[in-house]
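When the chains are written out, they are named A, B and C in that same order, and each has its own residue count from 1.
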Amino acid sequence: MSNERATGSEPTSTAGDASRAGTRRFDRIRGFLHGFLTNRKGLAGTVLLGTIVFISVAAPLIAPYDPEAYGVGPALAPPSVSHLFGTDDLGRDVLSRFLYGGRISLLVGVTSGVVATIAATLIGVPAGYYRGRIGRWITTAIDMSLVFPPFVLVVVFAAYAGSSVWNIILILSLLSWPIPARTIKAKTLSVRENDFVESTEALGASDARIMRQEVLPNILPVVFANGILQMVYTILMEAAVGFLGLGDTARISWGTMLYFAQKQAALSSGGWWWMVLPGFGIALAAFSFILVGSALDEVLNPRLQRRTWGDD
Amino acid sequence: MSKQTHDRARTTEETLLSVRNLSTHYREGEDDVPVRAVDGVDLEIARGETYGLVGESGCGKSTLGLSLIRALPPQGEIIDGEIHLDGREIGQPARSAVKDVQWADISMIYQGAQNAFNPVKTVGEQIREPLRIHDVVPEGERAGHVEELLDKVNLQPDITDQYPHELSGGMKQRAAIAMAIACEPELLIADEPTTALDVIVQAEVLNMLQRLQEELNFGMLVISHNLAAIMKLSDRVGVMYGGELVETAPSEVLYDSPRHPYTARLLRSLIDPRRPPEQVETIEGTPPDLRDPPTGCRFADRCDLATEQCTAEAPSLEAMSERHEAACFHHDEVSEL
Amino acid sequence: MASTSSKKAYIATRVRNYLAAFAAILVVNFAIPRVMPGDPTTRFVGPGFTEEARQELLREFGLTQPLWEQFFLYLTNTLTGDFGVSFARYPTPVMELIVQRLPRTLYLMGASVTISVVLGIPLGAIAAWKFGDRQDLVITQSSLLFRSIPTFWLAILLAFLFGYVVPLFPISGATSNATHPSFISYFMDLTYHTFLPVVTMSAYFLAGYTFLMRGSLLDILPENYIKIAESKGLSERQVLFGHAVAPAFPPVLTQLGFQIGRLAGGAVLVETVFSYPGMGQLMFESVLARDYPVIQATFFFLAVMVLGSMFLAEILYTVIDPRIGGSE
């Protein structure tokens, strides 16, 4: 929200302001969409991500075989016309399993990314907003949380609590908020210094109201870009949990596919096709999120040229 | 406007800097339409003279300064023209071939002294650096030289060991001046030297620049949008519009009888009591698009005197009187504006 | 000097925070086995005991006592390095396993961070300097790509390519010989074995630091002091590495500190794939074997390693950035 600095002392017409703010917001959204889609990374990331989402949703329609069915082909058969990406040790079709496998990655990655980002916002904004003791306390709490290595904790939790998909989502959400919380706090600090926040404060608005109405809209771009980039990490962590065999091995996911492949020494026994596709899927999913996230970052926080033009 | 500088003792007719037909363009990518930020500018500055360059944002005045000291950003390039400093051509050779001129013969005070200093290096280290690069002072005497420089700008010698964040804004500006005169340059470019400083510090800085110029006899190019400050400080003033120099004259001549409508507008806004005294940017209309400048006079669509001729062909600088040139077909009518 | 004393005060505050974080690690490590679902006593006494022997052991471990007494016992044990006995490798003391493996993981993580920083800083610097040019594009896009490739998958591919197809490097163990005539020969052997793991871990983190450095420099390059450095007659390289990199580095270092936790996670994966007997592999093995004393101890030490590294990064930050603890 582009609040102008109040120049006069008399209150301005709120209705007029609201409608102007509305048009401005609309213009900004249009400008943003234009910037995002003309950004090469943004476009490539969106197309890539769209494709992954599409194949995951449409898996039942496009998968050539039942992903769970054993012996739809010979065991460990190399790619052929009937099995484009070969079969695994139990004669299951790798391509079909791959198409289904993205569902868990996306579900876990996106859900825990969203939850972690919300948590990071709820914690990061007050950390940057409150000066003095409260701010310091929350910041210290964030810093302390950074000490616990997230993936290590995931492994520990998996050992104690088991590893249903919802457990993994819960754990990843609980553990991935501190780094984005730091970023959000820093951004809040800089927004807080703006005059309009101070003037709203002078008008006697409550802290919660200022944070919600003045600070949050201004840091939303950062929150958004951060959330998307956070999903890159949660997707990779989910895959890693699966790969270690600590995930729900009864469900197909790219991570657990790799777990079974590695367990059967797929590469050294010549079954590279079993190993390549799921890894590729994870990398591609993470890459598409990274592209979208960094394109968002570029469009929403433009750094423009590396050095400004000399003029004025 | 009272002026005390145009008859300053050592201002001579000896030409120090001579710029001929200088064009500097910016280009973002290979097939991008270039922005003609500076387009065919001629300029001369004599030894010991102060030349003021004025114009609104984006008129190319800062780009001109950066072209002279050869510190254009990578997107910028000198396309055409010559820059002679003391008879040496420094515009066309590669930047690496004229590195010895940078700071030793031409130095610059950049707009916004608040970040003129690297935050992780001491102030003294940074003032000393050009002495080392150009080896103008023997190594053992550099520390002493830095203290002398600081003394010239009324700073205590103990700030050499301090970091920039430990200095106040005014101190940083003075230290930036000390750094600029470290190698006793022939030409000092000052880009908005007083912007963002409070009024008292502004006056102090301007006085200091004048005093140092008298002492060291360097030519000075002062770039500003602040016409009042420029006229007070300069022997001659050039007015830039849309990448071109549209009028140049000794400052009191320019003040008394502008011959370009843009200059007249600038002067009028200067004395208009309803405007803040230092703003000249509040002239109606928008400056021309320098990617695709109009074929005729670039000021035509904002000008009250514009005729068909103005949009059809571009006027060139013509002598109005001795040392007074303007580029306007209707220069005779400007006084009636 | 005023600035030195405020710097000291700043460090003192930070030290206090780190001590608090250490306390937090102690508390969390105590709590994990006790708050998790299931019978907590199974986590302290291995399987295969009669009920009587089990009760006896529980009493011995103090698990029948009130919680605060248990915590006190846990504190004393932890701080004196007594982490009990491994279930899976009964009766090897946990501490013995840790002492063996901790240096290996420290070496793996240290080498990876060093390589990532040493290569990432210049790569990021070049990308920023050539903003928008082909060099920038290549560096940026490949960092994004390497940031997306799952570490463990890269580990598998590298192990397969350089350990199996073209067997240049060992793909398991930390050393070939159990004993070494000199430290140098041990060090060489260890480095040879850690080569692929270090390359794997560095790929992810190198990409990260390259990107961070680039971003940080892009914020710095428009500053006047960079233009002034260029105007002073320095070459491009002198401007970039003599003036721009130093002020751009502190923010990168901060991020480096934050991400050390991820490095520990990377160690678990990479050590597992390369059968590198470090802390990560130990933890993973004990998770599979439900060897709870070892899990608890490895978690504790990995967290303390992260804490220590963050502290080092912060001290370094304080040393290189004069603005820290300044007059504000």
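Heads up, the rule we're going with is that a contact is a pair of C-beta atoms (placed from the backbone, for glycine too) under 8 Å apart; a residue touches a chain by one contact, two chains touch by 3 or more.
As the structure is a prediction and not an experimental result, all values here were calculated from the model.
Chain centroids computed from C-alpha atoms place A closest to the centre of all protein C-alpha atoms shown. Across all inter-chain contacts, the pair with the most C-beta pairs is A-C. Chain centres here are Cα means. That of chain A falls 23 Å from that of chain C. Inter-chain centre distance (chain B to chain C, centres taken as mean C-alpha positions): 53 Å. Each chain gets one centre point, the mean of its Cα atoms, and the points for chain A and chain B are 49 Å apart. Residue positions 132, 227 of chain C each touch two or more of the other chains.
Residues of chain B in contact with at least two other chains: 28, 66, 71, 111. Contact with two or more other chains is made by residues 305-308 of chain A. Chain C meets chain A in the complex at residues 17, 20-21, 24-25, 28, 32-33, 36-38, 43, 128-129, 131-132, 144-145, 147-153, 156-157, 160, 164, 215, 218-219, 221-222, 226-227, 257-266, 268-269, 272-273, 283-284, 287-288, 290, 295, 299, 302-303, 306-307, 310.
Here chain A touches chain C in the complex through residues 41, 140, 143-144, 146-161, 178-179, 182, 232-233, 236-237, 239-240, 243-246, 258, 262, 267-268, 275, 279, 282-284, 286-287, 290-291, 294, 303, 305-308, going by the rule given at the top.
Taken in their complex, chain B has these residues touching chain C: 28-29, 66, 69-71, 96, 99-104, 107-108, 110-113, 115-121, 126, 129-130, 133-134, 163, 165-166, 179.
On chain C, the positions that touch chain B within their shared complex are 3, 132, 223-225, 227-235, 243, 246-247, 250, 320-323, 326-328.
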